[in-house]
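Common to both upcoming complexes is chain A, partnered first by chain B, then by chain C.
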Partner chain A sequence: MPVPSLRPRRGLDPRAKILLVIGCSIVVMSPAGLRFVPFALLLAIGLALGERDWRRAASLPAAAGVMWVLGWWLPLWWPNALTAVVSLACVYLIRFVVAIGVGAHVIVTTSPTQLAAALRIWRIPRPFAVTLAVMLRFFPVVGAEANAVLDAMRLRGLVGAGGLLRHPVLSVERFTVPMIAASLRASEDLSASAILRGLGSRRKPTAMQPPRFATPDLVLVLVTATLTTAALTLPAPLS
Partner chain B sequence: MIHIEHVTWTYPHAETPSLRNLDLHVRSGEFVVLCGASGSGKSTALRLMNGLIPHFHDEGSLVGTVTVDGIATPGAELDEIGLGTGTVLQHPRRQFFTETAREEIAFAMENFGFPPPEIHTRVDDLISQIAVHVPVEQPLQRLSGGQQQQVAIAAATAHRPRILLLDEPSSSLSADAVERLTATLAQVKAEGVTIVVAEHRLRYLQGLADRIIVMRDGAMSTQWSAGTFRSLPDDVLAREGLRGDIRTAELPSLPATGGSVAQPSPGDQIRSAALELEGIRCRLGGRVVLDIERVSIAAGEVTALRGANGAGKSTLARIITGLQRSAGTVRLDGKALSRQARQRVSAIVMQDVQRQLFTDRVDAEIGLAGAGAGQVDESETVLRALDLDHLATRHPLSLSGGQQQRLVVATVRVSNRRIVIFDEPSSGVDRRHLRSISDQIRRIAASGAVVVLISHDEDLLHLAADRQLTLAPHQAS
Partner chain C sequence: MSANPSTQGQAETGARPFSLRLSARDLLRVAIFAVIFIVATYVIGMLGIISPLVWLLIVPLQAIVGGVTVLLFLTRVRHAGMLTLFGVVVAMFYLVGGNTLLSSTGIVGLGLVAELILWAGRYRSKWAMIWAYTVFGLSFFTPFLPLLVDRTAYLASSNFTDMGKAYVHASDTLLSVPVISLLACIVLASSFLGGVFGSAILGKHFVRAGLA
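Right, the complex of A and B next:
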């Protein structure tokens, strides 16, 4: 049987993706960041479309749209103290929507081994690089366990606003204790297997597919650098 | 190749040792099966061989010597031992560190510093071998249990270790996946690799194993040569608490129609029953994963839900219990129920029962489950019936796996749910516990519940199921 063509498509270099997240976060969180939110949002949507992640591509503008309506339009239509507070929160939260959108791209498209290889090139200390790689792998494990615990709680009638309001501490405890127990059990297998296969060993690791900084990476990093410089040098609207 | 001499091992905080004065020697190229009842120490012996004992349990107590491929494991680094051994854990999906077969197979070689061209050659070679049965371009978590097992073995042997250790590799596999596992192990053995397998199911290994070692209470109890084992009658294995000949469960099929039903029946064969599903259609990730036009499931008996991974078994269970949205109608006793209403009348015994223990005492767990059903008074009776009364004040998470499973079954019994789903309840259990689980399933069905059993375990299905509904992956039309 012929070897299937399975060499995966090269996406962006993990180093470019990390720079992208850092740059976009600085841009949108800076005092003048609000005016750059549309650019960063377009970038986040473009990254999702590039990966054919239609759900992320649709949910990002939807979430940003909700923030925009609540933050800018609601207090005009219905001015009162409550809508003012909601507006203030949404004007700030819209920045997080965009930053999380770009960050989600890194988490979804970067495998732990690619991340570790990229961090090695940057000569990041091994304990830090291995910890980040393990964290990246552990997120989905925790997510899966949390969903399973919530399912079990629903069937026992333990999920609901009533119970949460009456016994908030107990409700949180009933969710977190089994979730942590199940996650720890899953993580024990994961770490045992990874250590036995050399993760974190003193040998010098190699990479089957070393990260390669290509033209698209360069373009994205330059765009982000330009936006970051502009965000940091332009005066804030209120100053 | 492997020398374990006078080893006694006690896990941290355990009162009694898990291995007692164990003497075990495995020759180079030998294929050894470790078997025995749950808790006999076979998995612990494997962890001794790959160095996880003592390195992964800081405060445990180890007496005796362990040498693996010339390395004294207690004093060696774990990666040094890992370079010479490959380990496949009981649940492959939990040991994957990456998302694709290609990356997973390369993982150990990358960490051990193999040159990239060599990694590419070896990965291409192994991928071409497993691609016959494994859709290697799919994310690992979407593969079936058998396919994940094949990737895990390829990943464990990619760096060409001289020893391969497998912990209950057949525990969640269907019959055809076990056949593929046997073929894979035969190939690895032919390459001269020393293989040690801890296992409950034995017959599938009888053509491969050179020696079968029965463990009891942390020590070797009996050992059989390959020839002796092949001639052993099933009742000898039963006396040792071992699973022998797999009893194929030939169950009558439940009449059903729809694109996900493996063998649809004519619609007029479907009679009314306690639980009726009509026009069930579920889309996930943009594709139809389940399509059942009509099926009726009776109360008071156990319906096995069978089919390959990805056929929609778990999705159907989630729809029945109201955890998953779908098109169509679910009726219980003739009344159409909303998702929320189905959640109130349903219970699931999950494969990993730790996820469904919410309180800090066994009796409180029963009390919580019974409170909603007005059955608090029955708590003690149920605890006694399931041999849990002496553990009433213990924290549920401090119980053994089997005790936790019985506790969840006890909560299901006191909560008086009309629909009960068992999801792979016998993964990795011995013959005695298999019987006990089957009794519990039967008892819940006898109380008048609609019981659905999802399992690949032919032995359990033979003991516990009355009918079967077999699903097949939905083909886009």
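Right, the complex of A and C next:
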């Protein structure tokens, strides 16, 4: 019987992922960024498929498709001021969909220790590196608390855009107060544990798996270069 | 919220108000509140997916939601640097999450100005906290900054000109400097309300629960 390998699958170098997402954000959000949107969307879908995250791989083209229909086709089918406003917002928001799609890959696939090791190699000052790594650790905790509060509100019929628009302040209070209180209580244990394990220590820690440029990063560089060339040379479908 | 909530915290951290030395616990506090701030505003912002028009209405509401988190965070700020660090990490996270470089730089700048206001109140004044958040709340306006700074380039895109006169007229009006400035004023007013609302919520819930 084959023994499963205990070595985890080596993914992309966290530094490559961070540079990729910042590069994508800058390019896609620039005034001429619509030209790059379809290619960055392909990249984001490819990254999701590479991680076998089928939900993200399906939701990204769905969200971009809705923005495309509302932004490019709706004002042609039904031209009036309202559809023009909706279209304008969608033309701007489609850039966010793509940039968030690439960013989601970094957030989902990078562990706090990998991020801390990458930031240490870049010599990012300790307060920023430690805080960012801890943030990555806390996101699932706070996200779970927020979902629990939303579930409880849903059971009581308190969730919905109608209720939020009718009683915005009350809705905000009902959501934020239990969410913050629960998150703070959950964070106390995590904080104590993190400090006991040496978080924030001034001694330089070592990484079990130091970030290294490997074959997946080379593939990423080649794919990104190909998509960038295609975006610059092929006719732009969105602009 | 107490206007002078300091002595316990000073004993707890041993920090002087104007020291820039951040302890591990300070860094954890900044990280926790930054995550709560991002998640709370993101959950409210997700409602904007229903329609882009709702998205525009949601932005002031996000500024109000952020007020509760930031005011609670500011009651735990004991010395200089924590609010600036909060602004920097939130900006860096937004940059990774799809924000523009201009917008993220704006958030860092707002964090610095808010820190100065807090410093002027010696990190203990309730009204300094509210005004500091009023300034920092403008971070919800920063995603619109590129439209203000590079409006001509955004409007030059050919799809704006292919869709008829009504479309071009609507886009010209909607992306005009007065409309975007009005949005900035609405976000500023909402941030102030968020600060006052956050302060009231602290007194009503968190002080009673021993969390502020």
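Simple rule for what comes next: the second predicted complex is superposed on the first by the 206 of 239 C-alpha atoms of A that agree within 3 Å, B and C clash if a C-alpha of one lies under 4 Å from a C-alpha of the other, contacts with A are read in each partner's own complex, and residues count from 1 in each chain.
Here, contacts are C-beta pairs under 8 Å (C-beta built on N, C-alpha and C of every residue); 3 or more make two chains touch, one makes a residue touch a chain.
All of these numbers come straight from a predicted model, not from anything done at the bench.
Legend: residue contacts after superposition of the two complexes on their common chain; A:L88 is shown touching chain C, with no touch to chain B.
When the two structures are aligned on the shared chain, A:V142 is found in touch with chain C, with no touch to chain B. Shared-chain residue A:M29: touches chain C; no touch with chain B. Contact with chain B, but none with chain C, is seen for A:P112 once the two complexes are overlaid on the shared chain. In the superposition on chain A, contact is made by A:L76 with chain C only, not with chain B. Contacts of A:R174 after superposition on the shared chain: chain B is touched, whereas chain C is not.
Of the two partner chains, both chain B and chain C are touched by A:S201. Of the two partner chains, chain B is the only one that A:G157 touches; chain C does not reach it. Comparing chain C and chain B on the residues of chain A they touch gives the larger count to C. Residues 177, 179, 181, 194-195, 199-201 of chain A are contacted both by chain B in one complex and by chain C in the other. Residue ranges of chain C in contact with chain A, taken from their complex: 22-25, 27-28, 30-32, 34-36, 39-40, 43-44, 47, 50-57, 61, 64-65, 68-69, 72, 81, 85, 88-89, 92-93, 95-101, 143, 146-147, 150, 153-154, 156-159, 163-164, 166-167, 169-171, 174-175, 197, 201, 205-206, 209, 211. Only residues 18, 21-22, 25-26, 29, 31-32, 34, 70-72, 75-76, 79-81, 84-93, 95-96, 98-100, 102-104, 106-107, 127-128, 130-132, 134-135, 138-139, 142-143, 146, 150, 161, 164-165, 168-169, 172-173, 175-177, 179-181, 183-184, 187, 191, 194-195, 199-201, 238-239 of chain A touch chain C when the two sit together in their complex. Across the interface of their complex, chain B is touched by residues 1-4, 6-8, 54, 111-113, 117, 137, 140, 145, 148-149, 151-158, 174, 177-179, 181-182, 185-186, 189-190, 192-210 of chain A. Of all residues in chain B, only 50-52, 56, 77-79, 81-83, 85, 87, 89, 91, 94-100, 102-103, 106-116, 119-120, 123-124, 127-128, 131-132, 136-137, 141, 155-156, 159, 286, 318, 321-323, 343-344, 346-348, 350, 352, 354-359, 368-369, 372, 397, 411, 415 touch chain A in the complex they form.
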